[in-house]
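Next up: the structures, one after another.
One chain, chain A, appears in both complexes that follow, with chain B as partner in the first and chain C in the second.
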Partner chain A sequence: MDRMEESLQNNNPTAKAFTLTSAAWFALATSFGMIAAGYLIAPDFMANIEFIHFGRARPMHVNAVLFGFVTPGLLAAAFYFIPRLLRTELYSHKLGVFNAIFWNITVLSGMIGISFGYTQGREYAELPWPVDIMVVISFTLVVINLLLTVRNRVEPILYVSIWYGMAAVILTACTYCIGNVIWKPDTGALVGIPDAILLWFYGHNIFGLLLTPLALAAAYYVLPIETRSPLYSHTLSLIGFWSLIVVYTHIGTHHLLQVPVPTWLKTISIVDSIAMVIPVMVVLINLWLTVKGKLGAIHASIPAKFIFTGTIFYFFVNIQGSMMALPVVQRITHFNNWVVGHAHIGVFGFAGVTALGALYFILPRITNKPLYSKFLADLQYWLVLIGITGFAIVLTIVGLIQGNAWYNGETLYRTLPEIQPYYVLRASLGAFIMIGAYLGLYNIIRTLYFNRGAST
Partner chain B sequence: MRMTPAVILVGILSLLAAITLTVVYWPYSTIDRTPSDIFRQRTVVEAAGRKIYLENGCVYCHSQSIRAFDWGHGADRIAQAGDYIADEPIALGSQRTGVDLSQEGGEHPDDWHIAHFINPRYTRPSSIMPPFEWLGMARIDTLTQYIQSLGFKNADIRMERQRYWKNESIKAYEAGPDANAKWLAEIVPEGWRNLPNPYPTTKASLQRGHVIYQKFCIGCHGPIGDGMGPAQPWIYPPPLNFTLLKGREISGGIIYYQLMNGITGTAMPYFKRDLESQKIWEVGDYIAVYFINQSDANQDPRGIDAAWEP
Partner chain C sequence: MYYPYFIAYMASGFVISLVIFFWALNKGQFNNQQRARFLALESHAAAGPIKLSRKGRLHAVILLIMASAGLVTSMIAVTLIVLNLVG
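Up next is the complex of A and B:
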């Protein structure tokens, strides 16, 4: 190993800063989730507290998981593997660390803003205009830092993780501006039905052009290394990448199938939602064939275990999502907890769990010491797995109860007592996830700063 | 294919541009912006109320868009694109933890909403909506005006009706219990007034009636039917004290009709959507037996007994 690669390993303050960001917001975000879940069980328990009532805690939860936990977690990994794959130093660690600090200020301002009622009231685009600008700056800084790293590279060939990583941050910087109607600071919205179309174009791109490619980038990097297997196919990587960009961007309107939007747009979104099987299955086949016969190695490695689990949830969320885009299915599943189940399987089971795996992968490598506690990481894996699997089951059941009852003409009010026990179950399972998040935070802080373990 | 930085950059950005033009800009530029038949502009207060609605995340629990196969709140008007032409941002909502509100205007009189915002459990005992008492009366009023405008011109027609009957009900209430009971009976169509409850009172039916009463009525009429439920301070005319009805020849038919249809103008809601026929008869008989202490269940004329009757 030459001197430069040595320094690449030793010192990656940018990746460290984003790792800590992610772990801390994971803990906070699940706490907000627990508050929201608590309100759905006992709305009078924390009655009349303006700053955390359900209508505020919910967007705080969602924005904190998206922009505080999952994205920074996957970016931490990207800030580690992109320089390594290019065999060059990150363009600027000063910029990187500043970026992470600014990122935290941004997310924190967003949280405080929402809790005081400064919200644009559009799902996934709640953040008020000044915070929108800060988000765009944050993404732009990431883009600049990574692009300049690419320009300085020693390695001429760009590995598939780099395609996904670059595409995610560049495209999100664009779609974030468009989706938040950044040129209209007062409302941050268009008027009428076009606003809904734009909102869901953007909203779905948060999953499709940010979380998914960043998570796949991490999976493409970590799985071959941890199983010591070469990537199965370059052609499949290519098909998976380009079809993701083309297909995922077309499907936003599947959130609006039951609303008066133009029929041709609904048709496109349904067809492409089914076609999502291509980018998803191509990638999964590529990854799964790469690790074929190596389940033992996956089981033995904490990061690979998380990330392989993430790919399984990716499979489920795709099959489920394509089904939900069929109008006959959506008649039952829309408007109820089925979708919340899907959202948790996708954003947490796939992207979030992959982010956790990626963090555990880079931690020993950026600190040059083994993880503070493998046991805690393993425990977190099981807590998270039980929690998210339970979420998927419980929320799907509630969704079916609600959806079928409404379809049969039972009023919403009559279904409230029926779904109460499931809300209790959801909160209990949430406790597993939240405990997992705090254990992870502890483990990561110990690993980063107070790790007396021998250095490797 | 060789993936160079240029290929990636040019490729993804031109794809994004092309797709954004097709699936966002094209619909944006071709969409029909004609107002629908019910559309009207919002007043300043209603717009201020909408702001409170957005700030407090009502949109995470309430949709504002009715589908062709809906049954519940607002189901009588299917959403049209022309309903939304002034909404910036649009507040369609993606979840129904609570009911759809697109046609909520005039569904209830203002006093019902105020009691409901103070604490939703007051008017809807099994509700899971958070209380909004902390907003303070001024903002609750503003919010209520927005809610009462949902449905635009249709809401205005319903509000007109609410105001007319609110006046009538207050007049009757203030004229004393005799006049009020008389008025309450007279607003029920003749045929229903002379109709006794056709089903017998049984232990089981009273128990079922009790459960319904707990889940639907207790917040207003109170646990002992004296009209002193927690919603009472906000509601005028106040919830009926059932004991006043004793000896006034209130038939099962009157109670059934009032429960089915509600008493427009007063906070008394209609239960036609929430409760099937059997449940309405049974909760009606429950209050007749326990609170009015006078039931005409199974009296003549009662027609042929139903097959299940004991």
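Up next is the complex of A and C:
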């Protein structure tokens, strides 16, 4: 290994800071999720503690997983692999570490704000205005650091992970401002239907143009290395990237198929939702052909195991998503737990699990020591896998019960007792995930700071 | 009237994508695709051989079964919904 590579490998305080951020918020966010799940079983659970009643715990959970756990986890990986792929140093680690600290202050302010009742009340855009501004600053700092790194590159060709990573942060820095209507600080919203349309342009971009590309960037980087195989086709990967950019940017209206929005917008969103099969299958065929015949290698490696599992959930969530965008299917699946199931499969099963794999990939490389405990990481894998698969099954069943009851005009008081056992099951499965999150946090802190393992 | 804003928004996204695409084309980003396949591998010092294990294979099989079970179940669910609503 030459000297530059060695220095690249040894010092990555930025990736370390984002790793710790992600692990800590994963633990906190699942704790908020458990509180919310508790309220759904027993609505007077923790009665009178206004700071965490359901209406506040839910957005705290959702914002903490999105902006505290998944995004920083995937960014930690990006801060590692982007400079490496470009054969250069990150433009500024000082800026990177500052960025991570500021990021934490931002998410924490958001949580405190929501728990005190300061919310803009629009899903995925709940954070109050000052925090919105802080989020924009955080993303802008990431963009500046990474763009200047790309400009200083030694390797002229941009590997597909760089395309995805850069697109994710640049697009989010822009769409966050638009979607949160930051030019209207008092409400953070437009009025009436245009607001719903704008919100879902933004909302879907958070999954499709932030989490998805960042996670795919990590998968395209880690899987070839962990299976010692070159990418099956770089051309195919670029086709996947460009088709995602063209198709995904305007499918937000599929969240509003039951709402009086213009039909042409609905039509675009439905057609493009089905067309999503193209970018998705292109990516998956490419990744799966890359690792073809290497299943053993995948399961011998903790990062590859997480990320390969992420690709399976990616397949699943997208096929499911394309079907949910059909109005006839959505008549049953809309406004109930089916969508919550889809949300967990996508944001957690795909993006979150990929983030965990990416963290386990970079950890030994940024600390130059083996992982503190492979056993704990493996245990976390199984806890998370059982938890999320269980979520998918349980929430889908509840969704079908609720959807059919509603469709057939049944009254609510008959349905509620029917779905109670499923809510208990969901909370039990949530416990698996939450325990996994705390074990992961412990393992990561030990690996980063208290690891006596021999240097590699 | 809000249509013009949305159309402008969507169109500007499309135009910016086109500009970046042609920048990449001119910079030869799409030329040497064979070498690009190896970039991730090259960015790393050669890692040691992979240690395979029976446990690993078992993981893979269990995962595959779970994934197919999930897929089959949701396919059945959606087919039933469609049959129910259309029929």
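Everything below uses one rule, namely that the second predicted complex is superposed on the first by the 456 of 456 C-alpha atoms of A that agree within 3 Å, B and C clash if a C-alpha of one lies under 4 Å from a C-alpha of the other, contacts with A are read in each partner's own complex, and residues count from 1 in each chain.
Simple rule for what comes next: a contact is a pair of C-beta atoms (placed from the backbone, for glycine too) under 8 Å apart; a residue touches a chain by one contact, two chains touch by 3 or more.
Small disclaimer: the values here were computed from a predicted structure and weren't measured.
Looking at the shared chain after the overlay, A:R331 reaches both chain B and chain C. Looking at the shared chain after the overlay, A:R452 reaches neither chain B nor chain C. In the superposition on chain A, contact of A:F316 is made with chain C only, not with chain B. In the superposition on chain A, contact of A:H255 is made with chain B only, not with chain C. Once the two complexes are laid over each other on the shared chain, residue contacts for A:S233 go to chain C alone; chain B is not touched. Contacts of A:T396 after superposition on the shared chain: chain C is touched, whereas chain B is not.
Between chain B and chain C, B contacts the larger number of chain A residues. By the document's definition of touching, both partners, chain B and chain C, reach A:I245.
Of the two partner chains, chain B and chain C are each touched by A:I197.
When the two complexes are laid over each other on chain A, chain A has residues 158, 160, 178, 190, 194, 197, 201, 238, 242, 245-246, 249-250, 262, 265, 331 in contact with both chain B and chain C.
By the touch criterion given at the top, residues 2-3, 6, 9-10, 13-14, 17, 21, 24, 27-30, 32-41, 43-45, 47, 50-53, 55-57, 59-60, 63, 66-67, 70-71, 73-74, 77-78, 81-82, 84-86 of chain C touch chain A in their complex.
Chain A makes touch with chain C in their complex at residues 1, 5, 81, 84-85, 87, 155-161, 178, 190, 194, 197, 201, 220-221, 224-225, 227-235, 238, 242, 245-246, 249-250, 262, 265, 295-301, 305, 308-309, 312, 315-316, 319-320, 323, 328-329, 331-333, 385, 389, 392-393, 396, 400, 403. Contacts from chain B toward chain A in the complex involve residues 1, 3-5, 8-9, 11-13, 15-16, 19-20, 23-24, 27-28, 30-31, 33, 53-61, 63, 65, 67, 69-73, 79-81, 84-92, 94-99, 119-121, 124, 126-134, 215, 273-274. Listing the residues of chain A that touch chain B in their complex gives 39-41, 43-44, 47-50, 53-56, 58-59, 117-123, 147, 150-151, 158, 160, 163, 166-167, 170-171, 174-175, 178, 187-199, 201, 238, 242, 245-246, 249-250, 252-253, 255-256, 258-262, 265, 268-269, 331, 335-336, 339-340, 402, 406-407, 409-414, 416-417, 420, 423.
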